[in-house]
Amino acid sequence: MVITDPVYFIALPLLTAFLLPLFGKIYKPLIGIIPGLVFAFLAYISFDLYLNLVPGKPIIIQMAGWAPPWGINLVFSEFSGLIVTLITFLAFLVWVYSYNFKKVGFDNSKKYFTLLMLMVAGSIGVVLTGDIFNMFVFLEITAIYSYGLTAFYKGRDSAEAAFKYLLLGSLSSVFILLAILLLYKQVGTLNMADIAVKAQSIDPKMKSIIAILFFVGLGIEAEMFPMNGWVPDAYSQAPGPVAASFAGMLAKSGIYALIRVFYTVLEVKGVFDLLLIMGLLTIIFAEFSAMRQKHLRRMLAYSSIGQMGLIMVAFSFNTKAGIFAGLFLMFNHAIIKTLLFLSSGFLTYSTKQKKIRDLDGFGKIMPFTSLMFGLGAFAIVGLPPFSGFWGKLNMLVATADSNLYFVIALILLVAVVEIVYYFKVIGRLYFRQQHKDVEVHNPTWNAILAMSILAIVIIGVGIYPDLITDYLTKATNELFDKAGYIHSVLPNLSLN
Amino acid sequence: MQEFLTYSIYGTAFFLMLLGLYAVLMKKNLVKIVIGLTVLDSGLNLLFVAVGYISGGTAPIFSPAVVGKHVIMTDPVPQALVLTAIVIGFGVTAVALALVVRLYRKHNTTNIDEIKNLKW
Amino acid sequence: MYNDKESQKIVDIIQNYARKHSLFILAYGTGCGAIEIPPTMTSRYDAERFGIRGSATPRQADVLLITGYLATKSLKRVIKVYEQMQDPKYVIGFGSCTINGGMYWDSYNTINVLDKYLPVDVYINGCMPRPEAVIAGFVKLQKLIQQGKADGWDIYKKNIDEYKANQKKIITNWVMPDFNF
Amino acid sequence: MEGIGYKILGAVLTTILAFVVGMFYGGFSRKIIARIQNRVGPPVWQNFLDVLKLLFKKTSVRYGLMHHFAPLWMITMSITTLMFVPVLNDGLFFSNLNFSGDIIFLLYIMVFGSLGMALGAGSTGNPNSAIGVSRGLTQMVGFEIPWVMALVALMIQYKTTSVTGLMEVQSQSGTWLMFSSPFAFIAALLAMPGMFRYSPFDIVGAPAELASGPISEFGGKYLSTMMTSGSIFAFVKLTLYVDLFMGGASNLIVLVLKTFTLYMYPVLWGAVSARFRTEQSVRYFWGWPTFFGFIALIYAAF
Amino acid sequence: MNSLVLLILIIAGGALLSYFGHKINKILGNITVFAVALIIPIYWFTQVDFTETVSFTVSGFHMELGYNMYGKLFSMIVMILSPLALIYAIGYMKDQKKLATFYFSFLFSILGMTGILMSRDFVSLFIFWEIMTWSSYLLVIFLGKDVQKTGIKYMVFSAIGAYAMLMAIVIIYKNTGSMMLSDYFGSFAGFTLQTKLLTGILLLLGFAVKSAVMPLHVWAPGAYSNTPMAYTSVFSGALSKMGIYGLGFVVVNLFAQANLEIVGYVLAWMGAITAVLATFSAVFQHDAKKLLAYSSIAQLGYIVTGIGIGTELSIMAGLYLAVLHAAFKGVLFMVVGAVERQAGTTDMNVVSGLARKMPFTFFTALIAIIALAGIPPLGGFVGKWMLYESLINNSNFLMVIMIFLSSTAAFLYCFKFLFGLFLGQQEPEFDHVKEASPVMIIPMLLLSVFLLVTGAYPGIVFKYVAEGMTNLGFHDVNWQMSVLTNAWGDSVNVQHVYLSVVVVFVAFLIFITWRGYKHSTKISTKDISSSGEMIKPEDNMTYAMDFYKPFQRVLQPILKWKINKYYEDFGKGLEALFDFMRRIYTGNGQTYAVYVIIFLAILLIFSKSIFGY
């Protein structure tokens, strides 16, 4: 179909984002409505494209008419399509959630939606692009607007958080750029498929340096252990829906870039072991820090890091089961963390209630939001019958497949810690006497709608995971099938 | 001579990068850190251009002057990339400076060690 | 069984025989008479050969020994103990204090005549009575029981109003639960 | 021979026998203690008189149903235990239900009365009763351990858990178990005074401190039933010891001789000893008796 | 439609209906709960086809539901006890708030238990296990007391258990390629010893947590005593049995078959130690709820011992005790709940003499306590007897002594429970106390009747126990309606016992009541023989505080040793470690940048060992 061209994923939000202030001049409510229309359209086309995708035949768009490996191309395959669909779906929900945010004291929706749309465009770009420099550009786009979104609120310490994020983000961009530079120097091409073909001939020493640079640079974006200092600050200082989209989109695009680079582009021996170790360290440090958090959002942020670590571990097995589990975890993390951040957005809206301690008895005064938070917490720690369980189960099965019993034990031990801190919050929300002066911001109808949709997805997938397992399997096969990817991007190339 | 030039450019680039990195890691002033970032970026960009340069190459422009002649052109791709990178670096610097201003207003200092409201 | 007069008589005989030979005493050791109980019970005089044996609680006791003078305060307690005892029950007054006040005859806070407040079956006179006298008193009580004449408990029940009136004259702050039959 | 009437008659006769013998034992013990204390002492039938008198006494108060039931629990326990203990080696007349129960059952049914009694005592609201019960139960935990150790040793050694089985073992081998399993016997013997609650283990119902403890609110018929039960139970316990360790008895005279000999042991010990505190007695029972019990177990198992 | 799926749907639907019913209106909600409580057991007993199975494949895992006889036995516990507790809850929770949550969680935990017992594969087992766990967690913290400690402790231990199980499941899947229980059992013999032990012991760990075996029991006292009592009766009565269920099939079907009886033996020892120590703890509690909680742990210890020994008689004893424990602990927790509701407290130092005010409650408590103490002629004795006999037959003499010590010491707390709450002096401050409402009394009475009947006819339970044991590999289990026989052929005829006790009791009842009861007056508990001392109505003479002080002095060396404290110290140490670890996030952006560079440097330096170059 003409209208469902993947280019729209990037072009449309980029365009409308900058036009948004103009629309605002014409008719003020358009500021709220236009992004919604865009996101809805994006979600529609992504679903449409994804559901109509022929297996083994990804949609490849050549920008400006140049065929790969010379031109930039967009690849909408089972894997990237899945992530894009997820991102657009979440973006739409985030819009639904924040459409009426003004009602509870959220101003500046113009800037907000502009930045949000740009960020979404960037993340989609990262996922879709088939060009490694293009990926860098999109990562930077995403990052810059994320800085803006992080620093969105004026009263808080958001500038501090944004600055830290910016500092690390810039370093990340330097390393990625350096890696691309070295890669380009070696292979003379920027197309990922082409690099993948030619990468075999690179000097292994150089290759490992490139891999290290990519690892560090993308690791910052993917919230890897020693480089994730920005995450808790950014997540906790950004507005609720922004934190949700960070977890749902930003982190996803980061991890996507990481696994795309190491699965498809660069085949480096040992990087997966490194990823495993770093993933485990990420999990351990993040979850242990989360355990001792007093602020709800910071806790969620650390938990988010932990989940990312889990995803890294899953992808580090380099097996089909591992990828499948990783994808499942990504899906879960995107959906559930979004729900958690969205609900915590209302719970911690007032500056008075930032700490977990302040939320005693909120189950009674904010029943729906608390319920959603509780549901999210149940799901994220992997309790059945919610979707988190299946992710965890698949993850563990994959781990066992790789004979890594100690990893299972470690993951499960950390999961106990996770349970502890989430259930502490639930206990406080529901089974405590509430404090005297609390400021309640009841969710608006659209927020309720957004959260309900997420909850329904969580429960639906939890009860019947086969709703998504087919797609995940397809995506797995796509990611695992490196030759297939190269072949579909570069149809004329004959391997060997 | 040509080689020396090439290596000196590489050297300058790495020097600039290290200088920038030093500023980012060691300087306590926010503005200096931002400057360090910019220097780091510049070094990187220089490196990029240097990598793309082929000795004796001309500008990669198909002008009437070069049509039909056997001319060595420098690789155009890194130059294009550098342009993008510069733009991105500019954007980042702008955001960074804006943030520095806000941080200064809030904390009344530009010492990064004192801006630690968010920790652990 | 009890309706038949003859068998009633036989039952009475057995009953009185058993009662007579098994006297559980509850010694209310108010005065100096309490000193005389141990020699009575222990090896020199050995009251146990008559079936007399100490009992710790009023629920099980048959005989209440009032061993000496009774202050008004202790009268309350004695009455309570007596009322907690189960029928049939006997009271033995020790020494002259229980008979007419003895050396405390003009004391402001002792009672003079115990019989006004509790139905005494046997008095043992002396100040204090020696164990021989005590045992003699018990033997007297046993005889009375055999003859069915030791019916102080019955008299108390019949003349309860009179007794209570007398008791209330002495004990002004009466917080005792009412007597259970 | 197997008629139900015959059975009932046997049961009633056993009960009466146990009652009479137990009563006389009580009388003898009073007499003997009196003689030790250089007294004349009451006649040996004094206990009958006491029971009879208490029976004729009026019971005019009660604290409720538990108080009313307490003596019933006790007598039920005593008689039921009696029914399940073989009184004579092969006296059909006295073999009431003893093929329907075994040692473990006996151990448990023996507690039935104590607990019921404790409940009755508790329901009176008398603090002395409660203290007595607390002490009694604690002491029970003490002496049950060596006693059970001895029994388990016997059971494991001879591969039978029934009293009749152990008696058969003795009649077949011709030696009493007190000789063939000496450690078990020592343990059981050392635990025995606790079971009889004679001095030094009589803190449960110490008359001077606790106003006779658990039974302090029981008089009249209640007390008489309890005394009956106590004497039956004394007989049962002695018979059980004799059955287990001294080869049982083939006729009543032998039975009486053996049980009386055994009975003298706690009585005489009690006559000359002072009272243990509760924790002292528990420590005693968990000391040497348990040690011997342990040795008996090891002896039995290996 | 498949009756098993329908059963699950009915319970889930019931949960939702009760939830919304209570959201709308309390009366409507209560009616719904009552209806659900009736429908579930009726459906189970009449409509469920126990031979039916249903299987489906989800996310690549083959799952199958279907009863076996062993599961049916435990299901029966759930299906009888839970509805009664639900009905009881209607009365008990009348004045509480958040009833919607309560009944929702309650029914979901029933759903979890039902599911566990019909799962034939590990995935559904684990799913239902977790459903049961979180729903019970919600109920543990329902009252909001001690959320931090009790709830977290419960959840942590449950999670450790569940995840141990999950790990075992995953390893099993790795080794057999199937999630079916039967495949695991079938191929167990072929595993290496390491795998055998690893999977089996991890599974055991998971189940042992729920059955509160010694080092893992720490959650139980708090969880049992802080939960609304209506649920605790299910919690202790039925939910803990899920652990027993699992232990049973793991120990018997796996280890015993693979000549690894030693595992069962160790487990039995742990059970025995649990029984002793928990009993000692129970004796010194002054809160009736805590007392019962510890008592539950001790009782579960007996059951675990029985299962662990693994002989026919001992397993029979264990399963029989499991059924009985459900009944009497169910009653007892309901009793405590009734007392708590009517008198406002269950502190035995405060409350006393309620037997006069709550006679029915007292009666049921008495029956249950007699059964618990294992005193003949009630049903509890049967289980105890079988347990002892099986241990003696196995010559496990030390274990016998430990169990005996435990159950003798159990008399202490049994008495204390009855005495502390119901006996002793009736205080004027509890004059207003009334008997609990019939809704609460009737479930208690029904369970008490069951206890009374099993005393004479334990065979009605044996029937199902024997059926269940066929699934544990014991076919032709020998049982009789009322005669118990051990391996050496010695027997007890409980019917004779019952007969003897009843005849003697009735005979003397007549004797003692005749011309006694009617002529006597019921007097106040303040009217005691007190050496003439005047006791005023407001004086409390009940001796309840430090009831077993002498015993405490004897046990001082043992009681000093508190496992709970070690766990708490460990937890605190961990928290300190976590606090230390999170210092890495210093809050200084520059430090983070330094981390990045250091990480990069490390990677570059060690790139040879990581990447090979």
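Each chain gets a letter, A, B, C, D and E, in the order it is written, and its residues are counted from 1.
The criterion applied here is as follows: contacts are C-beta pairs under 8 Å (C-beta built on N, C-alpha and C of every residue); 3 or more make two chains touch, one makes a residue touch a chain.
Please read these numbers as outputs of a predicted model, since none were measured by experiment.
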Chain C reached from chain A - shortest hop count over touching chains: 2
B-E or A-B, whichever has more C-beta pairs in contact: A-B
Chain closest to the middle [Cα centroid of all protein chains]: E
Chain whose average C-alpha position is farthest from chain C's own: B
Cα-centroid distance, chain A relative to chain B, in whole angstrom: 28
Between chain D and chain E, centroid-to-centroid distance (C-alpha), Å: 36
Chain A and chain E: spacing of chain centres that average the CA atoms, whole Å: 44
Whole-Å gap separating chain C and chain E, where each centre is the average of the chain's CA atoms: 58
Shared interface positions of chain A, touching two or more other chains: 160, 163-164, 167, 171, 232-233, 289, 292
Junction residues of chain E, two or more chains touched: 521, 523, 526-527, 529, 531, 582, 585-587, 589-590, 593, 597
Multi-chain contact sites of chain B, meaning residues that touch two or more partners: 24, 33, 115, 117-118, 120
Chains touching one another, given as label pairs in label order: A-B, A-E, B-E, C-D, C-E, D-E
Interface residues, chain B side, partner chain A - complex: 17, 24, 30, 33, 37, 40-41, 44, 47-48, 51, 75, 77-78, 81, 84-85, 88, 91-92, 95-96, 98-100, 102-103, 106, 115, 117-118, 120
Footprint of chain B on chain E - complex, ascending: 582-583, 585-590, 593-594, 597
List of chain E residues in touch with chain C within their complex: 521, 523-524, 526-527, 529, 531-534, 536
List of chain E residues in touch with chain A within their complex: 58-61, 98, 101, 123, 126-128, 130-131, 133-134, 137-138, 141-144, 147-148, 151-152, 155-156, 159-160, 163-164, 166-167, 170-171, 173-174, 198, 575, 577-579, 581-582, 584-587, 589-593, 595-600, 603-604, 607, 610-613
Chain C residues touching chain E - in the complex, by the definition given at the top: 28, 57-59, 74, 76-78, 80-81, 84, 175-177, 180-181
